[in-house]
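Take a look at these structures.
Next come two complexes built around subunit A: one with subunit B, the other with subunit C.
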Partner chain A sequence: MDISSGATVKSHCVGTTAIVYARDYLNKLTGEKIERECRRQLDSGCRALVIDFAETELVNSIGISILLGIIDIAEKSGAQVVFSDVNNQTIALFDMLGLTRHVALARNEQEALSTLSGFNSTPTLN
Partner chain B sequence: MEPSTQKLIHTFGALADLGQEVANTGDFNEMVRTSLHLLLGTLALRRGAVAECNQVGTLGCVAIWGLNNTLLEQFSVHDEEKRTLLAAEIPALLVRESDDPFIHRHYDLLTGEGIELVVPMIVRQDLTGFVLLGGKASGEEFSAEDFETIRAMVRHIGVGIHTHRLIEQVAQRAEENRRLYEELRAIYRDTVRAFAAAIDIKDKYTQGHSERVGRYSEIIARELGWCEEEVEGIQIAGYLHDVGKLVVDRNIINAPYHIDAKSSSELNRHPAAGYEILSPINHPYADIPLMAKYHHERLDGRGYPDGLTDEQIPLGAKIVALADSFDAMTTDRPYRRRRSFEDVIRDLRQNSGTQFDPKVVVAFARAILNEVLGNSKERRIVKILGKGYLDGERVPLLLADLIAELDGRLQSTAAGG
Partner chain C sequence: MSAADFNGRVLARVPHHDFVGRADELDRIVKHANAQNGRGLLLLMTPSAGCSELLRQAYDQLFKQQSDVIPLYYAFTRNETTAVSAAIEFLQTILQQYLAFRRKEPVLCHAALTLQDIVELAPSSDLEWIEPLVQMYERIRFSNDNKALVRFCLSAPQRIPARSGKAFVMFDGAQLADDLNGSVVLGAELLRVFGRSGQAFVLAGLRRQILDSARADDSYFEFLDLLRLEQLTAEEAHSLVDHVALRHKVPLSREVRDLLVQQFAGSPFFITNFLQAAREKKIGLNTYLDCERLYVDELLGGHSHHHFTNLLEEMAPQLGKRLRLIRVMWEAVENDEKSASVESWRKRLHAEPAELENILHQLHIQEFVNWAGATVDATTGSQTWKDYLRATYRLGIKGDPRALVVAETIADSLKRAPHTMARHYQQLDRIDLRSVVGAFDCQRVPAVLFDYLGWTKTYKGLEESELQSRLATEINLLKLPQAVHVASCQAFDTAIRNHCEEDRCVVGHTFNEGSYTDEQQRVWLVAEVEAKLEVDIEVAKSWFERLESLARRNDFSRYHVWLISNEGFDEAACEYVRGREGFCSSKRQLELLLQQIGATSALQPVATEEPDEFLMVVPMGEENELIAASAVEQIARRLTFPPQAINQIKTAIVEACINASEHSHSPDRKIYQRFRVESDKLVVTISSRGIVPTNVGSNNAHLSKPESSDAAAEERRGWGLKLIRSLMDEVEFQRVDEGTSLRMTKYLRTS
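What follows is the complex of A and B.
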């Protein structure tokens, strides 16, 4: 397992899946760092992204916009996206805004990886 | 928490952030980019752009997200379309439903890029630009609440862009004014120099005198630590100090020998006459007429026209007086050759405190010494005085002695009271 903190965002790879860890508050500053890290991982050949929200308490509007951007980039690269360990309040927000129509949610990182291995037999997420 | 409450909180948070962003005038493009992000994130939209209307009717891209970066280059807005949009006052146009001429003309482009909503930014009855939106993540239609949110947020962005334009216009005008002011000052300086040359032409023996007095005065003022504007002012005063000679008989000015008392009295009118000539002019620098009037005053009260003493004489006039005398001593006159530098130093020492202000003499001596020792980049005094005049081995010593002696006198005067 390779762990790096590229651009101050923690991430590591499991096979061709990159797991990127969001910080406590997903706003413009931290959102752009996550976006850069996701792009970097996709450019280096990852076929799936897990964004882990275990530490995230709050996501603001810019954070939502950036997450939508990451989903777009991943779709264009043919990569899957799973959000893991999202708290209930944020799940409600994602649901309300329709993000959950475009990504799968997983309780934790392991479940996210299992979900993605399941995707290998089903070609598209949406 | 009820979804509607949560949505409200999410929207309020975005509006608060937007208000802060718009108030941030530091980086305009970043402000608009962040504002667009906030708008897209509030409604979870996947595509959006902020376009600014240019005067020529094209649209400039200020921020874009999820769309082709060159998309807006293909848009334009005609005057008639602008008028229609302003008259209709429709806050947002649904691309698939609108019969607006602007939408109609760009319909294929808009739908091809997945843009569903076009929001005109109208500030103070002017079409500032458009916000283009599309791709709601929920897949739902835009609701009435969405329209209200979009309207409020786009208005914020529009005001931000409008304010930025105003600031730019003010800055542009200030820059134009600054340039015009600089040009006027340059014209003023050139005119004064031409005038100075005209004054000197009247006196065939002292051609270039006013120009040199202007330069020496500038050098002394700089050495005394005057600010740039004051230095420019004293230079002008130097150029114009003899303007009163224009009213003195040419034969008296050009007399190739010492003149009699009557002629001397006529010649001595020139400082007051200069004041009369310069007073009505609105100079960009202070006290130029007074510097011309008092450049023949002496610290001991034996000068003219008013017989002022030390503190009564403006410092500028004292500077011009020294520059004037120094040039007189270091240039050839009809009745004598110029004096040696050693002789000039002797004169300055003898007359400091009676004719010349010692502080001014020290400043000038320091400036000369710095040039002689190669401490200053420019060698302007050396150039004016010509090759060889300041080359003597004793020159630095003479200057250093003069400075030391006058500094000593100044210190003892200060200590004495």
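What follows is the complex of A and C.
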């Protein structure tokens, strides 16, 4: 397991999946840090991203907009994205702004990793 | 009586502590009086910039010093109709002031004294020169030699014996000296008498007139220093408004104060007269409506009206001619005539060449027009002048009913007010591109500051300390050129004003390596593109082509295009700009560039009587919205809101604070919050000063669904408001004169 804290965003890798931890407040500043870390992980070969919101109490619309950008970046790299441990209030906000249409949610990190392994084992049709 | 005993005022009209905004100029005049070189100082005043109080304050300061400098002040007035009467009045005034100074009795400056009284009051040591001077005056006065009389009166200060001190004469309103009738041109005589007298003096008046008089005989110029008196800066003018309103006991909101400063362009003359009118009419200036009603009253019959009407009467004393002049000038202003021919003016005015020349000269001196030989630019006057002209034209020539003119002028002024303030706030918020290019000066800076794509990949999202340390060790540097001239794009192509404001697009003529050769010459075409998100390729392309077209029209063979936008450019736009060998940067990059090249240079909460109300003011930025969110959490808990509702209120407040920070161009960078607790609800009001965001225009209308792909980006901008509406039970924009005030209500529901 590779553990790094980037600038101030904590992350680690499980195989080719990067788990990135969001902080207590997701805004432009912290959102850009997460984006930077996700880009870094994708550039270094990760094929899936789990963004963990266990510590996140408050999110704002700019932060959500950046998350949407991260989903776009991951999509272009052919990587899956799962959000884990998102509290109910935040899920309601994600729903309201249509984010949950583009990303899978998991109760915790473990479930996120299982979800991703499910994606990976799905046979591809040619 | 000692100098310390002069606590009151001598000639000054306001106490020294109330005299604001001209500290440097006052200091310069006092120093000039005390200097040993005995030179003249031409005080070149922008019309309505106000210099009388400045000279009176200088007079008082010198009077109180009681040094060997004897202050003498004389103001030309419209009451004096001939050079002779003005010269006689001058003699009487300065002798009284001399006596007041010598006897240390300020009251003598204002006493009604005859020349005989002056002789009798003169100290014995001065009798030996005052008595013969008065006798000689009596002789010359009846000699029928006006020129000799004028010259004798003007030279009186030079007759003061050196042992009594050095006379320091300050002439105010010198432009009026040339308008006096008679055989003697007083302005020219003044310079003749004082120009080489070896005595320090000040000649203050309208800059164009004073310079014309001085240039009429260049031989005086080497004995003259210049002091330019412009309108006050916004900060100085704010202080002036506060002081005058307090002195006149005129209630005044900060919004109206700021509007007055912008509307009168920092003119002490108009600002002071306006507040005086408010005092006379007992009007409080709390809202834009209060302000504009009084403004229109003033234009149509108050101080401003009399000021402009008097000037027009002097220019064209005959009524018919004056009305034609008003018509010609208003039509020129309305049609934005920048270069009408003098001949067309002559025909429209039915004026003889000499008469026309006199009118144009007067208009030019008052800066109502720019008259350059064969053409007249009538667009240069102040907004107040243009408003006066329009109202006078409608009433006096078009014959519109007075009530209609009043109503429409108030309405127009009210509609203009938010735009005036918006323009001001945008200017405050903006980085001055001219200064940026002007500071290039062959410095080496990280090239990534000019490449948004590279910046995104390597710097965006970095901690500030790491960012700074990486920039400091960048090896890929760009050597900037040396700028020799930087001006607005509009100076090269007026059509560009259809696309951006004047200071957001500049042309810099530069030389690489500071080497002045054709090969090294480059023109930098710099534009700040208005966008809230990353600029896309279409917008980048249209700006690039616009600037390239400007380059072609002006025969710029070697040039660089540099586009700047708040949030940078998307990847395709960056690739396009790179492909055209241009540069693109975000505002953050520009700020860092400024650091690198060293080019870095109130809505008050209304008092409330509500007992269950909390007020809080937080500075914008620095995640201060969290402080507001945390405060509301405590308040909401007292009302026993459930956790989910508390989180919703917190999120709504965070969004409202972000909206206020991002869209308002706030002058004080503060967010004003009011939390009112009622039995069944919490009402939160978030206010900020500045510009009303465009999405607030329709007030409480619901956001529409996006209909095109472009609208998706637009939708993201509206997310904050959309969230607020979803999270709170009632959301309403309240009407305020400037900025926004968003009231949000959350009801306490008992399940």
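Here, the second predicted complex is superposed on the first by the 121 of 126 C-alpha atoms of A that agree within 3 Å, B and C clash if a C-alpha of one lies under 4 Å from a C-alpha of the other, contacts with A are read in each partner's own complex, and residues count from 1 in each chain.
The working rule: a residue touches a chain if its C-beta (ideal position, glycine included) is under 8 Å from a C-beta of that chain, and two chains touch if they have at least 3 such contacts.
In this text the structure is predicted, and so the values were computed from the model without any measurement.
> Just from the overlay, do subunit B and subunit C fit on subunit A, or is there a clash?
clash
> Contact-wise, after the overlay, does A:R107 reach subunit B, subunit C, both or neither (first, second, both, neither)?
A:R107: touches no partner chain.
> Can A:I62 be said to touch subunit B (first), subunit C (second), both, or neither?
After superposition on chain A, A:I62 lies in contact with both partners, subunit B and subunit C.
> Contact-wise, after the overlay, does A:M96 reach subunit B, subunit C, both or neither (first, second, both, neither)?
The answer is both, since A:M96 touches subunit B and subunit C.
> Just to be sure I read the superposition right, which of the two partners does A:Y25 touch: subunit B = first, subunit C = second, or both, or neither?
A:Y25 sits against subunit C, while subunit B stays out of touch.
> Going by the contact rule set out at the top, does A:K33 touch subunit B (first), subunit C (second), both, or neither?
second
> Just subunit B (first), just subunit C (second), both, or neither: which does A:T8 touch?
second
> Just one of 273-281, 327-335, 363-371 or 399-407 in subunit B runs into subunit C once the structures are overlaid; which is it?
273-281
> After overlaying the two complexes on chain A, where does the subunit B footprint on subunit A coincide with the subunit C footprint?
Dual-contact residues (subunit A): 60-62, 64-65, 68, 89, 93, 96-97.
> Hey, which residues of subunit A end up touching subunit B in the complex?
For subunit A paired with subunit B, touching residues are 28, 60-66, 68-69, 71-72, 89, 92-93, 95-99, 101-102.
> Give every residue of subunit B touching subunit A within the complex, in rising order.
That would be residues 1, 3, 6-7, 10, 13-14, 17, 34, 37-46, 65-66, 136-140 of subunit B.
> Touching subunit A in the complex: which residues of subunit C?
Spelled out, the residues of subunit C in touch with subunit A are 457, 460-463, 466, 623, 625-626, 629, 644, 647-648, 650-651, 654-655, 658, 716, 719-720, 722-723, 726.
> In the complex formed with subunit C, which residues of subunit A make contact?
Its residues touching subunit C are 7-8, 25, 27, 29, 32-33, 35-36, 39, 57-62, 64-65, 68, 88-89, 93, 96-97.
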